[in-house]
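In the two complexes that follow, subunit A is the common piece, with subunit B as its partner first and subunit C second.
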Partner chain A sequence: MHALIQGLILGVLTGGVYALMASGQTLIFGIMKVVNLAQGAFVIASAYLAFTLFTRFGIDPFLAVLITTPLMFCIGAAGQWLFLRPLRRENAAELSLLVTFALALLIEGILSVTYSTTYRSINTGYANKSFEVAGYTVSAVRLYGFLLSIALLGLLYGVLQKTRFGRAIRATVQNPQSAALLGVDATRVQAYGFGLGISTAAASGSIFGLLYPFQSGSHYDLISRLLSVVVLGGLGSIGGAVLAGIAIGVVSSVAAVLWSPTWSEMSFFVVLLLVLLVRPQGMFGRVERGAV
Partner chain B sequence: MTTASMHQSRLVTPAGLTRASAFTALLVALPLVFNAHWMVNLLFFTVLYAAMSVAWNLIGGYAGYPSLGHAAFFGLGAYGVSLVFTGSQVLSNGYEPFLLLPLVGLGAGLIALPIGLIAMRTRADVFAIVTITLLFVAQTLAFNLKGLTGGAQGASVAPPPFRLEIFEQPFYFAAAALLLLAMGLTYLAVRTKIGLALTAIRADEDKARGIGIRTTAVKLMAFSVSVGLVAMAGGIWAYYVGFVYPQFAVDPLLTIAIVLMTFLGGRATLWGPVLGAAILMPAQQLLAYYVGGSRLYLIAYAAIFLLIILLLPRGVLPTVFHRRRLSALAATASQAEAQAVPSTGPEVLRPPTVMASEPSYVQTSAGERR
Partner chain C sequence: MYDNRLSFRTRNRLGLAAAAMGLMVSVSACSASATSSSSTSSTTLVIGVSLSLTGDFADPGKAVQRGYQVWADGVNAKGGILGRKVEMKIVDDLSSPNQVVTNYQNLISRDHVDLVFGPFSSLLTVPASQVANRYHYAFVESAGGGPKVFAQNLHSLFFVQPAPVVEQGNVFADYILSLPAGQRPKTAAYPSLDDPFAKPIADGVQKRFEAAGIKTVYSGTYPAETPDLTPIMAKIAAAKPDVIVSGTQSQDAYQQVKSLVQLHFNPRWLFMSNGANSPTEFPDKVGKGNTAGVFSAGDWFADSKAAGSADFVKAYIAKFGGTAAGIDNSSAEAYAAGQVIELIAKRTGRVDNQTIINSLHSGTWPTLLGDLSWNSVGAPQGSYQLVQWIGGALKPVFPASVAQAAAVVPKPNWAG
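Right, the complex of A and B next:
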């Protein structure tokens, strides 16, 4: 029982980080119906950035978020402008899958050239610190990471709900044509929206780098988990992604406790499979004609 | 659908036969003419990938279900062959493994049925996601089911006893036979109602079901055949390389390579994937040869990848056919203008489904029926 609750705590904390990564991905899908296969690669790139900032300049990975987030936003917006915007053709949806996959490869290639392929990890002073709460151990890094993720998710929610830009994004998600008719600059919303989605990778990258050793190929592990989360939550639904992220985090860490860590990976996919059997559109996805 | 292509509903046409036999002759002649080891090796991989691209095209091109999980079945075939090898005393390591391949394909095709049934509850992007997840499931299984796959240590296949001078050739001919089989099946599908059903599904699945096409059955069949063929390719590959590691047997790059080849040559065309493989595979090997040692390979590969998609989003063959059709149309138009005689083409019933929603697709369909 103790181990189970311990696993539960761990799962919620890890799930929060997945929720942040997945929220960006599902936002991107909502805005332009692009499944961003490069999200994991952007997370790893951010982890490397945080690594460099920490080892070279001694900037704490949590503070580095202030630098990496705007950077990732710009890279994301530029990437959209360069590679996705030109795809305004009949099969843009499928082509965009290929483009984002190519982007992931490009990032992986650049990272492995710059950093070689050995595993890196960010070892801060508090890396191994942990708190004891009522007999349960809570790792400091995980707790801070979780809190940061929740704060950023709140910020994302605020941007989407309270700002003009956020309203333009939500309008585009609901109905691109009507939004355009009402004066929303679709090209700009798409570029900035993609940037916004990618910028969530920055903070999650810092946290990921603190939690796990990583190398340039790690994005494959990440992307499969992220995709499970996004589909489970319902493509395009940020709230769904957050819930699904936490749910899957809990399921996999409980599976690791009850069963074995090697197989906890599979729990993502088992959950995904079960959901697809019952509800192909995910927990909070809307059924769109031709989409699901 | 153009009127011309609707008239040619016969399964076997003289032109088709000529093309098929010429291509077969070419496939047979190639390794005999260019018989250097590196050349036959390159030819083997080109033909193997061409076969897989043609197979992918069935479901990803014609039916519009962009599967990113085909590598899972490639791995299935590879491990299937290695398992039967180590598990049975009956099988020797001569030509018998090749005879095993149809069984491997059949088995993979059967396994694909329930998987396809679940995965095809989703469409387009979501289907792509589900299938790419399938790929990672397969990879995790390959790493973790150590009893069957040997885990990260890999599984070995007995070395083939072929003479060194012609070592690659049996594998090449097996791959070539697979390519011909894949193309034959595609041709058969396209020339029969199945092809129409697949295109209708791609154009608008709900409408297709509405007019009475058994969409689920057709989709499942295409998926099953497609991954069955890929599994057979995996089997040949396993016997050729002799060692099956999870990260190479179930490789996301493999999936993406066959998708890219199909897109480059032209989706939903019979020859497009072959052309794509013939261009990309040598390019890939060349790239690996020159920058393979360094990590620049991935960057170069991704750059080529992006260039192809941005510059040739439609693929080579459809672009060519489109141009040709446009110029033909322009010619007839100017002719008609000169003569001022109304066009007298016979009115022919057109299948309504394919006309439905994708005008661009209809434009290129003249080429697709070749």
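Right, the complex of A and C next:
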């Protein structure tokens, strides 16, 4: 029982980070109907940025978020402008899969050349610290990462709900034609929305780098998990992504504790399959229209 | 020693990049560039070798190259082998099992090299050794010790390391079972990476421990894709084993340690098959203070007293700079392959392929890896050294013949 509860705690904390990563992914889908296969690569690129800022300049990875987030926003917006905007006509959804995959490979290539393929990890002074709570261990990095993720998700929610830009995004998600008729510049919203989605990778990259060793090819495993989270939560639903992120963390962690690590990954996909059989649009997805 | 440690996942992930690179170089694949040209003559002894100088195995491949270079320079400074200057003809195989076949065919049938040494990794050694065997060449290799290499039943192959890689854990089992019954662990946990060079090591130890009455409280395998080992280590921590025997490669070893530190669980003994035996990477990844007391296995260490080790270290640093601690084991293992050839020439007065094959199937051959001997299929018959992190450095602690320090038990607490 002790191991099970410990697994639950780990799962919730890890799931919060997945939720942040996946929120950007699902936001991009909601706005553009683009399945961004480069989201994992952006997370890994952000982890490398945090690594460099920490090893070269001694900037704490959590503080580095203040630098990497606007940087990733700009890179994301520029990437959308350069690579996805030209696809907005027919077959854009299908072609965007190829384009974002190519973008992921491009990022991987740049990272491989810059950093080589050696695994890196960010080892801060508190990397191995943990707290004892009622006999259970809570890793400091996981706790800080979870809290940062929740804070950023709250901020993202606030931007979407309370700002003019957020309203424009939500309008574009729900009905692009009507939004355009009301004066929303869809091109600009898509570029900024893509940038916003990519900017969530900045914080999650910092946390990822603190939790796990990574190298340029680490995005392959990551993107498969992120896609699963997004599909489980419902394509385009940020709330769904948050719950699904926590679900993947908990199910994987508990399965590893109760049965076997081999079943850990499988168990999540079983849950995903069951949910999709009952609710093909995912837990919080809407049929045809986006959510957010 | 690191040849086999590259996980299949890493190979798969990098496969795409390797394939693209392979495509680009395919035009020139049939004549991969040689790093040193040569012409065979009776005054030179030309040794051909295909190494991974680019591609997935480029880093360890270059380390092997450095080992051969140091050996060739050293032997030439002493007048060569039987009066013949040694010339290494090294060609790049791009880490490709296809290119390595082409390379050895060219080295043997076109360039008519006198001898060949093996490539890097079991993946490349298997096809390369078949080519060499077809041409009746001896295949002395320092970096292909996986089960598939010996399963070929080649009489001409010799793996220049103390033992097959999967037997790495035997020395830890020997050490534990050498302790008085009252001092042995009562319970054990065996977390292993699902990898042909990791899991069999832990399995082998588990079998011997169970036969000796040590109760298994956890035995589990995790796939290479497992992002987080903390839940597994949490389950192990809850079972409170006296000893943890981990079948690890590298990243998973670091993750296991970090998880155990965070969980505040410190077993009396912790053995990790790989990862913990890296003198530079392990302290860098887990923190120097967290290395204390961790056991691993290895075949060569910079302060080894084995034959030729001091000369190798001195020559290596003179040629390439750096420190002794930074020398890759793969370089030392390659150097040992050269030592074996040198010894055969000294003992028999001959240095042809048939003499090498006949000679190495009997007797023992002192190298910087210790005294080596082989069975009929080229599997070495010795054992690895048990090493432990003591005072921030890896020290051989077992068997007694190579020990430089007494094993520290129980393992000191994590530094955090």
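In this section, the second predicted complex is superposed on the first by the 286 of 292 C-alpha atoms of A that agree within 3 Å, B and C clash if a C-alpha of one lies under 4 Å from a C-alpha of the other, contacts with A are read in each partner's own complex, and residues count from 1 in each chain.
By definition in this document, contacts are C-beta pairs under 8 Å (C-beta built on N, C-alpha and C of every residue); 3 or more make two chains touch, one makes a residue touch a chain.
In this text the structure is predicted, and so the values were computed from the model without any measurement.
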Discussion item. So in the superposed three-chain picture, is A:128 touching just subunit B, just subunit C, both, or none of them (first/second/both/neither)?
Written reply: second
Practice prompt. For A:117, select first, second, both or neither according to whether it touches subunit B, subunit C, the two together, or no partner.
Written response: both
Fill in: First (subunit B), second (subunit C), both or neither touched by A:272
first
Worksheet item: In the superposed model, does subunit B or subunit C contact more residues of subunit A?
Response: B
Worksheet item: When the two structures are overlaid on chain A, which partner does A:78 contact: first (subunit B), second (subunit C), both, or neither?
Response: neither
Worksheet item: Taking the superposition as given, does A:86 touch the first partner, subunit B, the second, subunit C, both, or neither?
Response: first
Fill in: Contacts of A:263 with subunit B and subunit C, given as first, second, both or neither
first
Worksheet item: Does the superposition put A:10 against subunit B (first), subunit C (second), both, or neither?
Response: second
Item to complete: Return first, second, both or neither, reflecting whether A:220 touches subunit B, subunit C, both chains, or no partner chain.
Response: both
Item to complete: May I ask you to decide whether A:180 touches subunit B, subunit C, both, or neither, giving the answer as first, second, both or neither?
Response: neither
Worksheet item: Taking the contacts subunit A makes with subunit B in one complex and with subunit C in the other, which residues are shared?
Response: 105, 108-109, 112, 117, 220-221, 262, 265
Worksheet item: Once bound in the complex, which stretches of subunit C touch subunit A?
Response: 10, 13-14, 16-17, 59, 194, 220-223, 225-232, 234-235, 237-238, 250-251, 254-255, 258, 261-264, 284-285, 287, 290, 414, 416
Worksheet item: Can you list the residues on subunit A that touch subunit C in the complex?
Response: 2-3, 6-7, 10-11, 14, 105, 108-109, 112, 117-119, 121, 123, 127-130, 132, 137, 139, 211-213, 217, 220-221, 225, 252-254, 256-257, 260-262, 264-265
Worksheet entry | List of subunit B residues in touch with subunit A within their complex | 64, 66, 68, 118-119, 121-126, 128-130, 132-133, 135-137, 140-141, 144, 204-206, 252-253, 256, 259-260, 263, 267, 294-303, 305-306, 309-310, 313-314, 358, 360-361
Practice prompt. Would you pull the subunit A residues touching subunit B in the complex into a rising list?
Written response: 29, 33, 35, 37, 83, 86-87, 89-91, 93-95, 97-99, 101-103, 105-106, 108-110, 112-113, 116-117, 220-221, 223-224, 227-228, 230-231, 235, 262-263, 265-266, 269, 272-273, 276-277, 280, 289-292
